[in-house]
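A, B, C, D, E, F, G, H, I, J, K and L label the chains in the order they appear, each numbered from 1.
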């Protein structure tokens, strides 16, 4: 059984209440359940977390160095501002999937640069909660 | 049965021979078969095409205005230079999925801007031929 | 009788169906009729064409080197990206009128630079289909 | 009978003496007469003015809020530097036509940005004194 | 009794008619009354003026060198384009308050740079007509 | 009675010791007392906090979603670097006031862009501790 | 006897009171006397003027088209922002000398670009009031 | 006998008529003859083509993957705008020579970037028709 | 005996495992021992810490205001993104040494700007673990 | 008697032969004589030198630290590229005058930045050989 | 017999030892011999020189004004930084050929701008030592 | 015994007289003695040189290819402008230490880019004369 770390960055804990025209009405808890259910079908044990802190996000990424088989990350705002997250992701030798609910390239200019993309070559963006499902499918494919 | 137009831009006809360390060894014909097979499981009729011409790509996108239910496009180099492709995609009211074999954001700076992303909010990049499969899954989800 | 070449760039064949709030509901065929009718009053024989291909647009501009007395061009997206169209227009020694249905300067930043304007000093923009009529009037004035 | 305000910005009072290779030999007074004559054929009462002062230009644009049916403006240098003129034009709910004798996009880089174009979507440039005639035709069309 | 010069730049004389969704429905005359009333409570004699002319604005700022105890300025469009206003404000040794009805940083990019802010360290923006009241309160505090 | 959350970003806990020529000699504790006293006069219950952590600042902004009537924020350095704070502020539907002791636009270039201003349209800057008092007045006005 | 127009831009009427560490203690009236005295030795009739208005500056430059033999201009802030002044200076066929009390290139970045220098190739900067004397000497040389 | 593909981009078919002060009076047909004659002396079979279409240029470059021993390309305007041509050239493992009649670095800024140079390290520019001869000499040297 | 605070930023806790070709194989614990040993020879009591959190880094820098004689900081990724760290360092009146294992100027562009360098004028970079030893030597020299 | 060092940078030894439409027909030797003659009238001993070497120019500027009363420098191309010349000029405590034959601001963009102007605030440009005479006059004034 | 000056800039004296994967193993002395031999076949007397000094390079270019029939220059690093070399080359009225061993456009960004190309329109780059041979051929053609 | 070449760039020969608030009062001769003394303790033979000439600096760096064991370089102004120095340093295979008396990143923007840092990964800056001692210590460590 593969252990997958699913990391969520700042303000994603407010999903469902925040700008639903952009992000949809599902809560992060709904998405966690989706991931756990869908992960089961791939034989994944999902470790699903959210934090508003850049430092905690770095801590968690470092945890993935041992005992995890894959990382799926939606770093939200830190995608665009955190070189520390970028450096942490470079520590990993397991597959990394970058996911976004919306497509940052459709939004403001300051969301067009991604420190995460420079490291995690695989990107799925713009499918709403479905981005997570597609991301798990992609991990399953790689780990198979 | 849904009709899906899968469009491929310049040089993708050379897949499998070209920079295999970046793009893998599968040919475009292999990918077409993958799409047709995988499409069948979603009840899709796949119309799979490739062209090196920007104008032909625009012509084909316009065809999708009538009788198609979704478009999946890997515009390759035209992703980054073609405003005409961008304008054509804006004509469509059916779902559009942007796919890339590799993640353009990992490559040269001139591949970081996407005229396609500005229109087709859904993006799947970096999964190799698997990007097409994930793209069809995403279309199936939307059309369901 | 003066022969006038009226050239239309990519996606203009979809006029009337595409973003009518920006471009109006007239089709390109309607505009062609307008041009032929209005051209008659100036003694113009109108040769009206549209293509989605940058190369074809270049071919047609080159045709205007012989046997034509004026060119009116709406290069659409190629206005902003095609140095080849720019170079072709520099071949001509007959008057050139640049027309646009909307004013590109009101739209996205990537429509603010015009390779056509650098060559065709006369510009008429933002009058919808009426831009073509005003353009023919301007040609009539110059050729008179 | 429609009242049309025709506004001319700095240095246009020197037309005919200034750089005739760019602007032609007609004086502004000649152009005023052209406008009045041509305006009559459209049933226009032309109110034709020129000023070198940005503030006066703003004052006059504000006058157009009441009792006028259209504005045609050649803001000359203020086209490119005056945000105040831009803000004044936004006050109007009548049609606005931007005219230029030459095409600013053919000239120095600092004439490529237009604060007027951002507001007055209709542009006629590069036809010399004829730009004013075409501009009145366009206004006639809109007001008809 | 302190004399306060309240200066208003271009187009503010049209307040109440212009883009009420951004600027509210109060006229500049309403705001003048608000300032005189509120100023009285602070023992202020309010000298309230408006001009569309950059030069006049400079003249008036220079007047404040003698016999005034404070300046409150809403330079409107000249905030962003007038180095002359900036230089005039540097002549003063009395307190300067910069006010704006809306927050320019929420609007177009060309309203993000302020020549006034570089000189008048105190800024109040985005409170509508209330910005003037808060500005007078701030002056009262400084002069107390 | 209205509950107001007053948030202070990094290094503001050192006020009074840090660069007094820029920030004055009052400590943050002095400012908290000022706010509580002044808030009472408006019927405000003030919840005054400071943190050096971007993540904690995001947490606290999210708290304001429930049970608070207004937010006043001096995000200090995070004003200029934190997209996460920006995104958190967008979650709120209560009034937001941005305050600064000094005017960032008078200081280094990297303090000229504000992620907070893009969301919190009301800004008060450069009045030292008095900025907080003016900010509470502004909130009282809005909530009244 | 040669007639020389000496033009001074915004805020120069405040010389002697304004930032004396940069501009010295001489008033503009002192400089006018210096110019008249020194001009006499060259057989110059000096017409010395100052305005805070961009439009008036343009008017005065246009006056120099007739009956003047040379222009010396210190456009102050308009040096850096006024394309209208630039266009007016291009109307002249008599020699133009650009003078500055200080050297703008030693000051803020927004004083490094000069619209005047693009036209009036002769520049004398940084000599305080002496810049005017040197400027008259240069005009004398040219006119001799 | 080595087969050499000589590719010419847009508007080169008009050589001899177009801006002879820049490009000389030789036609492309003259240059083809020069190449065939000179190629013979190196034992080259010359396959000489011209197209105005970016897509066709890509097609032809791809043809060179099989049965050719070298490519000499003058991509004209596509040199500066075509990422698709760049990608196609990367497919080749035979020597590539970039030629230009004039030196693009002497001309407008938008001709200073070359997508071709990034791939075809060997460049010969500015020798007019002679550039082609020098290019064949270089190919002969490499293939020898 | 002098107390020295040695601060380490994000991901340095993973030294020895992370990109050893860039950073060497020594762990941060090895470096701590090196510092304590080498510090003893200078009579230094070393307080050695690491955190992945920007806020904690700010907290710790603030601690150095009291009871410490010097600070040596390797802010890692926060060197380049944290204005908050910059502001905290400005609070200190004791010597500050900036150290880096590698030279950031040899790496990606986004590591070329240093918010730390703007405050801590002394820099030692590129010596691997040896940078810390050289840094302590420099502190010993200053404090002697 | 005051000793004045007059320094000339690269290619000025070719004056009179080089681009006479820009620089005039006087040789540098002619200018040296002009300077010696004119200097005599001010009681100046002129030490006039030219070099094509940046290092020699730095050497000579350093010489001016002792036994000279003023420096007049036309650094030619090194004006725009030499930080070493800039640093050398900062060593001096005697007056420095920057002269240019033409006005660099009228020429190519890469001649618009001056490392010399940042140090030698006094500038005389565009008067041809006369610039040197005006420069000596200015030095005489300062030293008087 | 034509005299040709062949100039080599900094570090080219180390050819053959320096980065052979980029520059090949031939020494500059080998290249000199190649040039002399090949030059003989064209009736050229080759004057071949190398210097690390920008000033000496300028001196030598100036020598070419008299008694030489052509210049071939590989300015190496000074290609990209020396405006003085550019100005010296503008003095010449004989043909100038710019050569490079590698293609600077394939290397770092700071090697993409060429001050030499702006003057010497003929460029041959990327052919290794062969660039010199091709350059002499081109000179022979021009001089014939 | 190791031979170390210590190279000093332009204006460093004036140390002790030049801007002592930035560079201290020690002369370069003092620093040379420091280096020789300190070098002895490491068994170093110090070859200490200074030049104002970029070309001479390149010559000397090339000398280090043979018979030297390390280079320590303070290129002063050439650090920021000399690509030739950069290229010369790339010739070396012995360790290179970059030293600066002050930290260039604290000074003007044009001192923030270092051509030396791109090659010499080890940097010591801001320690005054002590930078040289630390640099020798670092070399000793590497060579041991």
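Heads up, the rule we're going with is that a contact is a pair of C-beta atoms (placed from the backbone, for glycine too) under 8 Å apart; a residue touches a chain by one contact, two chains touch by 3 or more.
Keep in mind that this is a model prediction, so the values were computed, not measured.
Novice: In the touch network of chains, how many steps separate chain G from chain L on the shortest route?
Specialist: Minimal hop count between chain G and chain L: 2.
Novice: If contact pairs are compared by residue number, which of H-K, K-L or C-D agrees with J-K in over half of them?
Specialist: Repeat interface, by the over-half criterion: K-L.
Novice: Same or different for chain J and chain K, when you check if over half of the residue numbers at their contact belong to both copies?
Specialist: The interface of chain J with chain K is built from mostly unshared positions.
Novice: Between chain A and chain F, what is the separation of their C-alpha centroids in Å?
Specialist: Roughly 31 Å, centre to centre.
Novice: Using Cα averages as centroids, what's the distance between chain G and chain K in whole Å?
Specialist: Spacing between the chain centres: roughly 47 Å.
Novice: In chain K, which residues are in touch with two or more of the other chains?
Specialist: Touching at least two other chains: 53-56, 81.
Novice: If you go through all the chains, which pairs of them touch?
Specialist: A-B, A-F, A-I, B-C, B-H, C-D, C-H, D-E, D-G, E-F, E-G, F-I, G-J, H-K, I-L, J-K, J-L, K-L
Novice: Could you pull out which chain C residues touch chain D in their complex?
Specialist: Going by the criterion above, the answer is residues 102-103, 105-106, 112-114, 117-118, 120-127, 130, 134, 137-138, 141.
Novice: Considering only the defined contacts, which chain D positions touch chain G in the complex?
Specialist: 9-11, 13-14, 17-19, 51-56, 76-78, 80-81, 110-111
Novice: Considering only the defined contacts, which chain E positions touch chain G in the complex?
Specialist: Residues 53-56, 58-59, 62, 65, 81-84, 86-88, 90-91.
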